[in-house]
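I'd like to ask you about the structure that follows.
Chain lettering (A, B, C and D) follows the sequence in which the chains are written, and residue indices restart at 1 in each chain.
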């Protein structure tokens, strides 16, 4: 960390900062410029608290040097992490496609969708049993029954199942029915939940918050990793901007950036990322070309009847067409589908 | 709601939409323009699901007409709600000042702060026992012990106590020690938590998410209100933008906007809203002038030793100066301090 | 357009709105709901002024129905526009690659770059003679001399030349030396400049403002088109968001969205869009996969000596590698390079 | 500036950076940490080019230490600048109120407005003769005739006149009719225009771009100051965010922040900043309480007939009420109206 002193800082103030640094067991390098003094701090391995220094008299600001994440970083773990679950390898050579409805609405709806996405080549079935909805008057999911329907679909199709968990105390229940636990965008900062999934034995699909930085996403992954669960899959799903024609702005650069900063697999959600089914196919191709390890796509047998997110769901025939259209791009980047 | 048909929509597609509207028990008004047909839907009181229509063939988009919140809106409850707790009236004529450290760090720190803020004229003591922190390596709060220290401070000073609750199952524990339950910005979308505080008997200080619109804040309030707790206090605490000199961008317009849209009291957090103690005083004055019913300000006896958010905390002398500087503005808008 | 009346609006207020609509030669459709009256306006072809209605007594808000652009829209011109310049077809089957330094710094630098990008397969040479820079102390470009150097490079290599024009009165000068006029992101809202390039005979590369919506980009194109120049190429180059690891957030969804809304060709700038040369290759592949008609990439023979934007420029060898890596993706989407 | 080397950087790479620093006539301070080497550069007064270093092998990133603005900064000019024009002092003890219509629409409209705002206590008359509009089909202003009408209003009322200039070559024309030249938000990055107004003898009202940082606003002021015009008035007018109930998000913290960083006067535009006339009064009070030196408010005799921005314009009676409501707040912060 670097401490930038104010132009008018006194020698005594510089000495105070120096003393505090040494008290923390760190080394000091002082650079006295024409306009101001800069104090470099060589840490002892533990992250330093910037604010502690920013409040000292004579200090203008501090500048962090090291990235705040460790376990999630490439420095700590240079080779790619491949999350293997139920025979599916996420982060390997194969592009993994997760597909299914936003919410489990009925046994018929889910089983029908499961069969069509399986047939079209999907590897993982998605579907929410517990839905965090902005309005208390919207459909909140089927709950336990939804979990049982997902488990039945898994049995029938052999698909791996991912579903969202929204409360710490539900983790064990959800883990008995699902293969992968999803932490949704609205819960990326729910540390109690991150703690709970970190202690579970299930892989976790961690979605980026709609207003969270790439660094914060990696810090959320760090929470899970630091509680002992190293099977974390990152998911870019669009961030909030001033643009209004799309529901969110999918941050495509985040895909190669995350792959460079971290060893964890990266999946893209083009359905939430755009909010419009017409954009799902081109954006899916873009995600694959940018290096994503997988996609998570909303498919609904009758989008116009969907109880949530219908506008961004693909009909089964369009999902099959998407899989066809992906194949040449997948091969162009040296992967398999 | 209004359904805008595509330019090339067929008569059959218009008929399909019409049929669905009638099936939902709503009335239809069709306007056939030169370029396209517009279908107005007169609802039956229940909110309509836009996505259901957006996915129908021939539909270009839908346009909501009514605000999605009911219980939180002025229409439902025209007169101001005044939340009375422990003798303090929030939303009345008096400007309510909540002050204290970001986190309870020790008995000494909290009691010292409680006494100085009380003396300077604060009405409510703030302090976090459970801290949601971006990094798993940062101080996470004293937990239960922090709650007991807060309760002791209340006993010694008579101050009303507000503290954050971060998990649904903690609500009853926190409610036994604190007067007001705070739902933090990172948890504004944590619906399980909103549900839990909605069933509690304690007033709730609901902070706007750093990524949330004014409408979403009111919808989060709606969750709490719809579970039976009508003592909700809204809090503007800054939103995330591209500006980098401040930690967040405090949305001052949200204060009069919330007062116009809703009957609930509105409090402003200038400490998180700016992230810089130098800006707390002018922004506090602005909040009062804009019509805020209260302020929540971070005060720490030794900000440079603070375990969190030191850079935005006021020293006791500066807090006392803030209270002095607020008084003429409070009077200028016809309130008392 | 739709006018939503306030809940408490009187019959006289509804009548006032109706009278004004009819005065404008438009038709009225009134829908009286339980909670409020909605007035649909069937226009006469000309766009209506929403604000005029929003300020009338009893009006809550207005809702636009039609997109505000005409000439730039698909409705007006269903087939793709192909801009042909100097033998290069932009918007056709071939992916067009524009490459070169951010700024023309010297004859040697530009000619060297021109030859290497030509050899690697680029079709268009980019390079700024006039540079809009945030700081008055930064390099502002070589001016006229830069234009002459660009013209010489065109003669030597046969490459088509695109360069930025920053003032209306410079348009004719720049048009004598360059094949394509670039309107930069900071000038997308400079209407005097849009007017001037609209009256020129040269194709225009119009970059999206870093703060501009897709709709505003299309409206800026509308300015140029409405002044008689129908050879406009749109360019997505990243928008400003809260994310700090990248310089801008490249809006990949804007590519298919613009192709759906408009008939104009769409080019992507992965260099400015990310600000990091390490991200240029994956993001370029993503742009092609999403349907971009071209790329505009910064290449500098010695990025560490570049007078501007060095951090996002590719070395010649890396540019050659990019071209190689693009080829399979270009073919996967059915195009040629 | 500080250069952070990569973890795997070699000694030779560190030596290369060092050599380049010395070549620029700057001093080097090297700090070798456990994980990486940090190189501090003590400049020679001129700003350093970060990108030059960021592209060198072995460099991870650079960190600026000094603010990039000089002439606009408090360090250069510690005492407040007071811009005196036509007897009005902007930046002094008196709060300066600028008022008038968005656009000059007719002689009658402007003269009527001028008289009512004068009577209500405004000091400066605003009104646009040249209007930058998003749509080519919207009213673009009366042009020269508008300027003559403004000059007539000045003669009749004695009010100082501010009007927007949108092209460099118009500066001298506008300067013959107006007292203060306004550079609009869409032109904050129009460097040719900043250059031109920098060479004029008129004070300049410089509006913050809707997506520009505080630092960029100060850099735009730096352009004007560096061309010899030191009478610059900064204007906060709202920035673009994801919030949709208001047209922009007024950044209230920018007011005290600009006053701390710069010696230039700061004015707030609550009309554009909110886009809703209902919010103008509370936000104006907030701006005064936050330390603004002035306000610029849209007033229109018949907002429902306004050719632009009617929704945010005050009627004359509401403007008079605003002036009354401001008075106690102005006095509360020790100023006069």
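Keep in mind that, in the parts below, a residue touches a chain if its C-beta (ideal position, glycine included) is under 8 Å from a C-beta of that chain, and two chains touch if they have at least 3 such contacts.
Owing to the predicted nature of the structure, the values given are computational and were not obtained by experimental measurement.
Visitor: For subunit A and subunit B, which third chains touch each of them?
Guide: Under the touch definition, subunit A and subunit B have C, D as mutual neighbours.
Visitor: Using the touch rule from the top, work out which pair, A-C or B-C, shares more C-beta pairs.
Guide: It is A-C, judged by the count of C-beta pairs in contact.
Visitor: Which listed pair, A-B, C-D or B-C, reproduces A-D with over half its contact pairs identical?
Guide: Matching pair: B-C.
Visitor: Name the chain whose C-alpha centroid is farthest from the C-alpha centroid of subunit A.
Guide: Max centre-to-centre separation from subunit A belongs to D.
Visitor: At what distance in angstrom does the C-alpha mean of subunit D lie from that of subunit C?
Guide: 26
Visitor: Take the average of all CA coordinates in subunit A, do the same for subunit C, and state the distance between these two points in whole angstrom.
Guide: The separation of the two C-alpha centroids amounts to 31 Å.
Visitor: Could you work out how far the Cα centre of subunit B sits from that of subunit C, in whole Å?
Guide: Each chain reduced to its C-alpha mean, subunit B and subunit C end up 38 Å apart.
Visitor: Identify all positions of subunit B at which a residue touches two or more other chains, and write them in rising order.
Guide: If we look for residues of subunit B contacting two or more partner chains, we find 211, 240-242, 244.
Visitor: Which stretch or stretches of subunit C touch subunit D in the complex?
Guide: Listed in rising order, the residues of subunit C that touch subunit D are 46-47, 49-56, 68, 132-138, 140, 166-169, 186-187, 189-192, 209-211, 216, 219, 222-223, 226-227, 240, 277, 303-311, 313.
Visitor: Using the touch rule from the top, collect the residues of subunit A that touch subunit C in their complex.
Guide: Against subunit C, subunit A makes touches at 211, 213-215, 239, 241-246, 249-257, 260-261, 273-274, 278-279, 282-283, 285-291, 328-329, 331-333.
Visitor: In the complex, go through subunit D and note every residue touching subunit A.
Guide: 2, 4, 7, 27, 29, 31-36, 38, 40, 42-45, 63, 65-66, 75, 211, 240-242, 244
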